[in-house]
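To start, I am sharing the structure in question, which I have written as structure tokens.
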Amino acid sequence: MLSKEQIAQRIAKEVKNGQYINLGIGIPTLVANYIPDELEVVLQSENGLLGIGPFPTEDKIDPDLINAGKQTITMVKGSVLFNSAESFAMIRGGHVHLTILGAMEVSENGDIANWKIPGKMVKGMGGAMDLVASAENIIVAMQHCSRDGASKLLKECSLPITGIKCVKKIVTDLAVLEVSPKGGFVLKERAPGVSVEEIQEKTEGKLIVEGEIPEMVF
Amino acid sequence: MLSKEQIAQRIAKEVKNGQYINLGIGIPTLVANYIPDELEVVLQSENGLLGIGPFPTEDKIDPDLINAGKQTITMVKGSVLFNSAESFAMIRGGHVHLTILGAMEVSENGDIANWKIPGKMVKGMGGAMDLVASAENIIVAMQHCSRDGASKLLKECSLPITGIKCVKKIVTDLAVLEVSPKGGFVLKERAPGVSVEEIQEKTEGKLIVEGEIPEMVF
Amino acid sequence: MINKTVKDAKEAVADIPSGAFLMMGGFGLSGIPENCISALLEKGIKDLTIVSNNAGVDDFGIGLLLKKKMVKKMISSYVGENAEFERQLLSGELEVDLIPQGTLAERVRAGGAGIPAFFTPAGVGTEVAEGKEIREFDGKLYLMERWLRADFSLVKAWKGDTAGNLIFKGTARNFNPMMAAAGKICIAEVEELVPAGELNPNEIHTPGIYVQRIFEGKNYEKRIEQRTVSQAKS
Amino acid sequence: MINKTVKDAKEAVADIPSGAFLMMGGFGLSGIPENCISALLEKGIKDLTIVSNNAGVDDFGIGLLLKKKMVKKMISSYVGENAEFERQLLSGELEVDLIPQGTLAERVRAGGAGIPAFFTPAGVGTEVAEGKEIREFDGKLYLMERWLRADFSLVKAWKGDTAGNLIFKGTARNFNPMMAAAGKICIAEVEELVPAGELNPNEIHTPGIYVQRIFEGKNYEKRIEQRTVSQAKS
């Protein structure tokens, strides 16, 4: 099973040179730590910044400089600041190439649910609905099962969804999976020591296993 | 009969303190010269400036600073520059209070035509269609009749129109007229030495004359 | 140049009545109109509708207005970390319209720009789409969304001049510029108010035409929600 | 930071084919991509569709492309003072879509912002409305207008950095920022190209995300259409 850091590390391998990337709150934020230095990429913060840098040292903290998770941040060289309408113009207009975000559930046709549990939890969708409706490539980072052991890779989402037919790839603590355009989760890689059978067992939606499934190497 | 300068001078009396104003090309541009100094108003140039100043002296000419008529200009203190989408956001959003523009024809219900003579002249509508569809107050500055003597205040416009039911007031070389919400040109003032009969004769659309019509004083 | 200066927050918000439809700039606690919020708290009006991306935290920002039960309805994209907001929402005390963040930004922008409706892909196939017109353009589905406009918009800038021109700082810009334009009356509070002519016309984020009142605010707390630091490298 | 630098105009426009759909920034002759226009003239491609507010004058700007019969169609708001444009238009040699200036700016903005359609009051009741959906919102009539997007957009800025961030000067900004965002490939020519990090992130008008290629232009003529002066007061 992968740790959160390893999920982030695995997702970082999906990043391509020259990409503009939006990282969601949680595991996705960690991805930044694993992007190889030789790649030139730019991280977007939907509250109005292109070029997120590392967290500031204590003496550099600026309350007027935060990311979408409200964390204090810094800017890299070549950064640019803008307003929220411009920020989502970038997102909606397809200028952000890659969105990495967390999810409560993903369905086998690529639907995603991550903003609401009716009657229990309403955190709001924030920018997630815009991101999943717009980016050309959407990768989900999440645990394969919920805390009570239920699969989060489903035939259909049971929770209110955030977007339809949008997720392209999922990296969980157990596996890397792609959503087939025809429906179904195509198993691409196994976490070290995790069997295809275990992944099958913990995947409620249709799992497509073709040929030998390689184990991830870290 | 009023000169072009006098038409501009008369229109300047319509300007109120605190207004943001868009002046069209031609006579409307001259209005700026007659706005009393004690009024604080801001002139908008739809190519991206609030705060048009006087024409520059020879040594201050800047090719990157022009008005919508492509004339070199200057900026007053407190000016701001912006792009064309923002400029028309201001106009369309009703933030510009007063638009003064020229016309080829105005109809008695307030339609205006000023951008095209089919088969003969196509200069394009520029920003005029946006302006007349948006501003709360639209004043037309024009000659009462065309060069061949035909009335430009008509029952219905014969030329392709720029906007419908939008003109509130017209200042010509002969008269000041308001467009009645019920249709018709309400005669408000006569140019010095011009009779109601002459105005009647040169107005093809319905002219409404109520009570004594005062003569303009300059 | 037109002078928009008022004395302080109290004077600026004096005519905001109970039941008003307000917009407030800010993302989290960054770029919120602290002085105006304090002045509203003192006025103690109620039944406010507030458009704001977030609703502050329990004891700061809009959270203070919620706690005092001054708010009838919130139009936001994220409840986030505000427990009182979530409690009032789940109990039904507070009406809440949750809107995708980009849709919220664009609806406010449309309000200022005189665009009564537009199409966006955000929310297609979700409960956000309920009751909305759906239309296909070039093979993709979109929702029709309406503009948002307010009686008063309360924004916070870094620098401003007496003509109402505003410059924001860092990510405190966020929703402020669009809201400035979408309020019938826009009240801008700034950290530093300068005479018209001192700001570079080419560096202004919000043209003064959108701002009806401006004042220099006091005692900005600028509270940080998530203080995250990295260790200094030696 | 991603480096977008190319050598010169020739390299920047090398892959623009005949029949391409282009956008070009500028208002009158102010803020036009002079170097790219010259490079296109040398390439001698044809059947171009060009979105540009104006079409230059007879012997400068887009006027040069018209004269050389490289343009199949113009999408503009104002023919104005270009006699060759007006002649080709009236004779039917050139297809021309005349669009209200604000609608043009907003359609281009919508293209960059992923908004496939929106409503505007400009043109209601006129021939611009022909064939378009008309709808009433809050008692006023509006037209539905579609986005505009281009294969290539050619823009001109004052300063730019290697990451593609742009700052414009004066009223030479005009349509350039929206067009930068609405081109699949945006080519930016700048008067001064600096390394990423030298521009203040708070003063940038066009974020580099929209720009795919950037180069420092040469020999800007910046021709003035209407030289108007007032006498110096002594």
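First chain written, first letter: the chains are A, B, C and D, and each begins at residue 1.
In this text, a residue touches a chain if its C-beta (ideal position, glycine included) is under 8 Å from a C-beta of that chain, and two chains touch if they have at least 3 such contacts.
It should be emphasised that the depicted structure is a prediction, and the values quoted were computed from it without experimental measurement.
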Any chain that touches chain D and chain C: A, B
Chain whose Cα centroid lies at the greatest distance from that of chain C: B
Pair of chains joined by more contacts [C-beta pairs], B-C or A-C: A-C
Separation of chain A from chain C, taking each centre as the mean of its C-alpha atoms, in whole Å: 28
Intercentroid distance (Cα basis), chain D paired with chain A, Å: 36
Chain A-chain B separation of Cα centroids, rounded to whole Å: 55
For chain A, residues contacting two or more additional chains: 49, 81-82, 85, 88, 91-92, 134
Multi-partner residues of chain C (at least 2 other chains): 106, 109, 113-115, 120-121, 168-170, 202
Touch-based graph of the chains, sorted into line, ring, star, complete or other: other
Chain pairs in mutual contact under the definition given at the outset: A-C, A-D, B-C, B-D, C-D
In the complex, chain D residues that touch chain C: 106, 110, 113-121, 135, 137-138, 140, 142, 146, 167-170, 202-203
Of all residues in chain B, those that touch chain C in their complex: 18, 20, 40-42, 44, 49-51, 75-82, 85-86, 88-96, 134
Contact footprint of chain A on chain D as seen in their complex: 1-3, 109, 111-115, 161-163, 165, 181, 196-197, 201-202, 204, 207-210
Parts of chain D lying in touch with chain B, wherever the complex brings them together: 27-31, 53, 76-81, 86, 89-90, 96, 98, 100-106, 108-109, 120-128, 158, 168-178, 205, 222-232
Contacting residues of chain B [partner chain D, same complex]: 45-49, 54-59, 61-73, 81-85, 87-88, 91-92, 111, 119-130, 133-134, 160-165
